[in-house]
């Protein structure tokens, strides 16, 4: 197992009110091994989403380095930058805003295909992509608002997988869904991870989900990683005081 | 600056918010159909006015100042004995053509500047903001008058002058919309999928800006028709012999003590046209989103 | 405080650029000031040259601008090319008339528009609301010069009820002010109505009701306070609109203000007068925008505060 | 058992859709006993928030009670006029909402909004009201209340804002507090602190609490009894311990399983399909299309029954384990 995602001394500052600086990410380092499901947990403002956005080349870091499959997106050559979209993809939290309301599902899932660079793999069809995530091919003609939240998240996964990525970032992929429907999407993600040999960076505030599905976890607080390790071990015997408080705060259902 | 173009808000009755839909196409209301028919009629006037040139240029100095409903002259005649109904219609055609030209130019310019300012980096944003605010500093008609002084009076002057002022307020609205659109996750997703800024602008921004654009474009047509008539009234717009509602009104004003109907009739046609276009704009806004145009 | 300084600095920048625009538009325009006074076909070239020299028109263009601005900042706008009076004196008279007219219209538009909008919103769907809806659409559709001509025809020519021309007495103000206020009044009414209706449905009204606060108190204390923001920001927009409208309304009613003067100056290519007027109007608009933005911060604590969140 | 403070009797709500009424809540029978914390659980569109809002007569426009009865402190609420409702709100039944940002008036300081809640019911001097407001801010765990009193809502963090909202809701010491997902917008550590605060205040003031949530975990740790809603109706009501130990309705089971943490690597539980819109509710058992073991009898609409195990239940096949 070799690391495919490497984050070294990553720092991100935002300008705050009246010339102050808010440090959203503070000297964060971690790596994710190939075919691993790596969880990042933390509360709002902990910096977990900013880390993901830096990796996705959406937010420019203030300091430090990141690399995915050997490409540093912030200093890559033009050709590497183009290839980068086939290395890493994303599924966002809100299935309502993550799709253009004026595009049909077929257009949504194939939007990235035109920027694909590698031509040795066959270009998937809409039907194949929808089938991959368990949606009927007839959904190609539908608009996002005609789908339920869970179905939209499936389509979002299809859109990401169309690019044939090695790494998938899932930023709170189920927290906008009703509780009874979350399992469907999570099981799909897990089985696709195995099937396609994906590496998944799973960002969540839900410790239970992370514990059940991730191989390793990093706990973030105020822009720093306070603890990294095996999820079960980390949440059952937290060593960091913040992790202890976080674990104690999670409302748990009594075991029958 | 916070201030921007403000157009009167419409309030959509609760009952009409649940639109009837069949296969994704909203069925227009009867009001909508009626308004569309009237717009088509207006378009016909624009297209046909030049063809009937001899009708609105024919003079008859023996029949000046005929009152309305005279035989052969439903609106009466003017000081040169020209038929007022045909002159009014021809003038309306000119006004609407000017309005369409202004709306097209202002919308195109406004969309480009708004998208560039909202999405193509901080330098572009600061620059476009300053350009917008400087343009904004001059009341629309004032700048039109200044332009007229520069280019000389005429319809081209009117079109250019109005387009070059009216785009600013529109552009500010578009910029605001883009600032909110760019934060949507589907734009982030498109970036991760490797689309560049131009592709995202064309694929995601323009289609989503279309409703606002359409509503405001119709509103601009109405505004430009009034402004054209106003400038022609001042003698800065259409020059004789080009017919114009504004010059008919100016003439009517000179003979106001003698006859009142040219003012009433030309003014009435102008008012009804603006009312029609305002209603179309309101209907479009209701159709798309009652919130469009409410923002500052 | 730093915002106030920044905002004023920005306003000065915009004014500077606006002055460049007026200068350029009126000075670099084809058909120079000289040719509009002297017929180039019949005047000997040296006379034209002397004239140009006298007016400073043979200097490089940036030099002309620097001279122009230096003079402007000292309150010297040059002399009119036609009656040779100092522009400042000409404008000062006219400005007073325009200020009186625009102020009267502004007071009418807001003084009548805000209450009408509030009452319409509080009685949504009632007869007053419906009447307001119709009246405002009518006033927004009838161009103000048509309205002006109608009133002149009816009141001035037929009934001879009110003076329709000139500025010989306070009664002369009534018609132009009413005409000028009609459209801004409609817009103010509608914007106020919408703002109030929107606030009536805001979440906090439900919370206040959940604590037993009476509907009347919620409406008159909380809803109106929150609805103020869009109305205030409308204010500075309206000043710009009003100034634009004065041009034409002043001409129709022969009101001796800046509007009619500007139209005259531009048609006669009286550059010193025209550029001074344009600059003055732009200054008023920029000041109105600035004051509007500052007022907005005073009215809305969310805009005002940029201090950090207390946690 | 003493008289319930709030009692729904076959209560139903509907929305005016022009030609007819679309039902949103049907056949709701539920009693809120004095001094208890009752958790009302359901997913989006279950009708839990609307039921809560009816306790204060704050239904949205176009939504009306269609039938049944709702008694508040022993009085039939259908007889209440505007003024009677006003006197009930805040003083006897109070409510806190999900989003403390939009639920507080942005143009007024939090202190003045608490003072206003007092003076809506009592003719006290401004000074005395201010004193009581400060005391209440302290009581809800806000340190430095003098400074927070003058703060505008946007100047406070989410947790402080929610505390300020609780202070305004409880300053008149109401008998009942209706809490509509008050911690959903907050982080878990803040949520834990707020829950602890409410429980403490509930004991201190002897309040009855109706706590609405979509999060079973929150309710499990907080409520004495739990009522589960699905598609506009109650499906199961039981003591918290019993409900989580031995759920009877397949929806309750599915919901508990979906929320429960399993061992690493195990698949996640879920309920197939999605929550139906009110217009697409089935004629028979509303859960049948998503149920793992529906039978032909489920074509009928089940009534609420009182099984021997206690509580109440709406299912033809109680206790049947869902194997997923």
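Which chain is which? They are A, B, C and D, in the order written, and residues in each are numbered from 1.
We take it that a contact is a pair of C-beta atoms (placed from the backbone, for glycine too) under 8 Å apart; a residue touches a chain by one contact, two chains touch by 3 or more.
Remember, it's a predicted structure, so these values are computed and weren't measured experimentally.
Participant: Which one of the chains is farthest from chain B, going by Cα centres?
Facilitator: Relative to chain B, the chain whose C-alpha centre sits farthest away is D.
Participant: Ranking chain pairs by how many C-beta pairs touch, which one is first?
Facilitator: Of all chain pairs, the one joined by the most C-beta contacts is B-C.
Participant: Can you check how far apart chain A and chain B are, centre to centre, with Cα atoms defining each centre and the answer in Å?
Facilitator: 47
Participant: Can you compute the centre-to-centre distance for chain B and chain D, using the mean CA position of each chain? Integer Å is fine.
Facilitator: Result: the chain centres lie 52 Å from each other.
Participant: Just the number, please: Cα centre separation of chain A and chain D in whole Å.
Facilitator: 33
Participant: For chain C, give me the residues that contact two or more of the other chains.
Facilitator: 307
Participant: In chain D, what residues contact two or more other chains?
Facilitator: Not one residue in chain D touches at least two other chains.
Participant: If you look only at chain B, which of its residues touch chain C in the complex?
Facilitator: 1-6, 8-9, 11, 130, 133-134, 136-142, 145-150, 152, 226, 229-230, 233-236, 249, 252-253, 256-257, 260, 263-264, 267, 270-272, 274-275, 278-279, 294, 296
Participant: For a test of understanding, state which residues of chain C touch chain D in their complex under the given definition.
Facilitator: Chain C residues touching chain D: 202-204, 206-215, 217, 222, 225-226, 300-302, 305, 307, 309-311.
Participant: Could you pull out which chain A residues touch chain B in their complex?
Facilitator: 53, 56-58, 82, 84-85, 88-90, 92-94, 97-102, 111-112, 115-116, 143, 156, 159, 163
Participant: Would you tell me which residues of chain C are touching chain B in their complex?
Facilitator: Counting only chain C, the residues touching chain B are 10, 13-15, 17-18, 21-22, 25-26, 29-31, 124, 136-138, 140-143, 145-146, 149-150, 152-153, 157-158, 186-187, 190-191, 193-194, 197, 230, 233-234, 236-237, 240-241, 243-245, 247-248, 251-252, 262-263, 266-267, 269, 274, 278, 281-282, 285-286, 289, 292-293, 296.
Participant: Would you pull the chain D residues touching chain A in the complex into a rising list?
Facilitator: Of all residues in chain D, those touching chain A are 43-44, 187-189, 191-192, 195, 214-218, 220-222, 241, 244-246, 254-256, 258-272, 274-275, 290.
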